[in-house]
């Protein structure tokens, strides 16, 4: 599905307007997680941007990760990523999923998401504000081929 | 030659597949938008269902190891084909592709095929969630199907015909079946919610309980077809309800008839959305109890009344 | 909870006349009991004084010994303090008397390597299944460094 | 009937956080459940030992993103006790105000999560929409929606301007109206009751055996509340009721939490009305004298415990955190036995699991 | 427990919601509403910063680094991807040189974008 011709343009258009996300917390404090859920609720309502939170990895396009990767969740994170059908993107939400953040150096913390998965966009903040999360996802969508 | 062309046109464009496709997406959008508004949100833009559909078509299509590949590819198509075929017998604002005595039975049969396909999809896609979802779908099917059938049998018996077009046409005098058989309408409405697996009867696909139910393992094209078949089914179900209980287009083939029909459809859709917004999801055993202890007896009473009084 | 009565009862049951209480900030009393008497002391607390709420068990490796603090609560705090040797520490489990202690003991066991005799569960609670190395809250000993 | 094993988690829509369950079911009934936590274990107790008292305030804030403020309260209160530091009264008022606002936000969030789990999306949306009222108050006060960074050792870092107070009252008025609506739904909506009544029952005896705390304990008739029983901050200057119920099921827990929101709003108003003048913080030295302290607070989910031991340096020798979720987790095995699989999310939501805090 | 009419207890609220002021902020077509006190991006008033490193010492996330070259030359570097936006550095700074402004840090596909040099102190006044 290369971006050739009208079909390509339509597909690209559809992908940008229908990002379904799957959320996985690999060790965060819930701060970012509740801000993600917050984007779904009336104040921010990302459904108006076509974003839906899905419950099965098979239905998702974007993996929204929060929290640093802990030893125990590493394998799960990988597996969930592998279950998402291509094309797929990974978003690291919050300081600790970008770099390990305040938890860097903990004996059970491996660091940011990029220790395990290729990350397409990093959204800093602790927690990231809902606006920042929305902006980050939109920024990612801009770059879709 | 012209006949063939017009037949092809009716099947493919109006009131056939093309029209259904557009309706399905439009109804789906309206439903989501209305729900969102009631929940204090904005909701998706009008092109959303289309974007979702195209995106899914262009996505990788994977199945877990152990899933029955052929069946999994076939089932969404069976489901879609069944509802599309069912639509051919249901008059839309008076227009109908084919109509014959007994087509109501065919329609009802075709409309329950997707439930079966859905159940099989759950069983064959090798995931615990989909298996649980599948078995719930089957249980749910038994709970709503009987009252639904009986509720629809009422008008048929009253009119003395098992053709949707005739039942629809018989109300052109102005006396809607709704007014004669209000209980029947309510039952059919509830049955339809169950058939469409909409909130509060979205038990087989309860996100917080079993992921996405039978569809948990489906992706890409197959998922797109599943979604589409469910959306078309919604449209067909609403058409059916309007034709049987709400007087259809009010008789005759005219622009005003089509408009009237459309308005009625939107009202039913609105009612569906509001019902979905108002209640918590029931548990499968609660639904089964409700189906057998409340809905089925009510349907029976309604039917008896129709047979004794009207028949 | 009357600390004086409690102390008396403990002195009697444990036949330790020198048992005494130490007062800590924020309304807390601490009583040091020998490790082998702990179970009986708890029996007295739970059985006779109806102090059933065990808030948690704190364990610390001070470098010299392992200190265990059993924090009870009944409108004010009561801590039973006991210590174990750093080599092969073990103590009777309270799981029978206070089922709520199961998770607390499990945690102490994996974080400091204390063995609770008679504990019903062997699996780890917080640490990953493939955890290697010494229990994370143990201080490094001279030759480990 | 055949047995199947359903793995729930660590990624599962019923869980906003990772924990995993293995449910063995017969038909739709659960016969056995096995629980695994630790996916969010970040080794915080070790991190506390390795950083200074000042840095630790912010780690405490990130034990959990929902009740962040209560963690720093318990931590700072402990360190202040070790230091023998007198905290200005105005600071304690501000601290307490944030505690209660946070309780409202946490309970509303929870109500939303519960509603979502029983498929009551509208209530979920409404609860989270109205939660924004509290978030707005907190953001205006502290600059943070979730992490407030209000507490410091010795006092607080924010002030409440007097001309801001009427605006807060107005927002609380709005929330009060919404709470009436929620209470109406909880008490009267049939489908809501059908899904929550008689689900996840815990008897008073079970609650005591497992040392359960907070709203879960109170919903089973155990009237335990640190705010009343061992008042900290300025709770001894406030009047409030400790809400209890007898049923011990999810519905009772909903009721307890909903009424606690109402109580908390009353407390916020009292705090705003009585707010004394004065400084906001006392200067705290970096080194803390040797000693041991056990600091208890009533977090939204119940008794929160910080045990801090100092060896006289500028970093603690040991910090132990016992969060309210841990004892509640222990009851899940009992609660889940024999229930319908569809009730699992309800039960999990009912006890208000907080894994980030349980795992630390 | 009174069993008032069993149907639709949410209906009044539904209607109210329909006609209430909309709850949704339309970000990004509308600008974000941030509180004045919001702790966002870090900025340093270069002329005030003396390179004392108090902020670095107290930062819980090790998000600040002071690179010294000789006595009077230093660079204060901020790692936005590690920062917890807690404001401790602001509290610790005795010169009031550092601040967190009301603007959230921007997302980026590349982590190097988060490493920001806040101050480069090259020459001395002496």
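Just so it is clear, A, B, C, D and E label the chains in written order, and each chain counts residues from 1 on its own.
The definition used in the following text is that contacts are C-beta pairs under 8 Å (C-beta built on N, C-alpha and C of every residue); 3 or more make two chains touch, one makes a residue touch a chain.
All values derive from a computational prediction rather than experimental measurement.
Enquirer: Mind listing the chains that sit against chain A and also against chain B?
Expert: D, E
Enquirer: Which chain lies the greatest distance away from chain B when centres are computed from Cα atoms alone?
Expert: Chain C.
Enquirer: C-D versus A-C: which has more C-beta pairs touching?
Expert: Comparing A-C with C-D, the pair joined by more C-beta contacts is C-D.
Enquirer: Taking mean CA positions as centres, which chain lies farthest from chain A?
Expert: Measuring from the centre of chain A, the most distant chain centre belongs to C.
Enquirer: Rounded to a whole Å, what is the gap between the Cα centroids of chain A and chain D?
Expert: Centre-to-centre distance between chain A and chain D: 27 Å.
Enquirer: Report the inter-chain centroid distance for chain B and chain C in whole angstrom, where each centroid is the mean of the CA atoms.
Expert: 62
Enquirer: Where the centres are mean C-alpha positions, what is the separation of chain B from chain E, in Å?
Expert: Computed from C-alpha means, the inter-chain centre distance equals 50 Å.
Enquirer: Taking the mean of the C-alpha atoms as each chain's centre, how many Å separate chain A from chain E?
Expert: The separation of the two C-alpha centroids amounts to 21 Å.
Enquirer: By residue number and range, which residues of chain E touch two or more other chains?
Expert: Within chain E, residues 10, 14, 17, 23-24, 26, 60-61, 84-86 contact more than one other chain.
Enquirer: Of all the residues in chain C, which ones touch at least 2 other chains?
Expert: If we look for residues of chain C contacting two or more partner chains, we find 127-128, 136.
Enquirer: Give me the residue numbers in chain B that touch at least two other chains, ranges are fine.
Expert: 38-42, 129, 207-208, 211, 277-279 - these are the residues of chain B that touch more than one other chain.
Enquirer: Mind giving me all the chain pairs that touch?
Expert: Inter-chain contacts occur between A-B, A-C, A-D, A-E, B-D, B-E, C-D, D-E.
Enquirer: Along chain E, where are the residues that touch chain A in the complex?
Expert: Contacts found on chain E: 23-28, 32, 34, 60-62, 79-86, 104-111, 114.
Enquirer: Would you mind writing out the residues of chain E in touch with chain B in their complex?
Expert: Touching chain B from chain E are residues 8, 10-11, 14, 17-18, 20, 22-24, 26.
Enquirer: Touching residues of chain D toward chain E in the complex: what are they?
Expert: 51-52, 54-59, 61-62, 122-123, 126, 129, 132, 139-144, 147, 149, 152, 157-158, 181, 184-185, 187-190
Enquirer: What residues of chain D sit close enough to touch chain C in their complex?
Expert: Contacts found on chain D: 37-38, 41, 43, 45-46, 77-78, 81-82, 84, 208-212, 224, 229-230, 232, 291-296, 303, 305, 307, 309, 317-318, 320, 322, 326-327, 329-330, 359-360.
Enquirer: Quick one: which bits of chain D touch chain A in the complex? Just the residue numbers, please.
Expert: It is residues 10-13, 16-18, 38-44, 46-47, 50, 58-59, 62-66, 68, 109, 112, 124-126, 128-129, 132, 145-147, 354, 356 of chain D that touch chain A.
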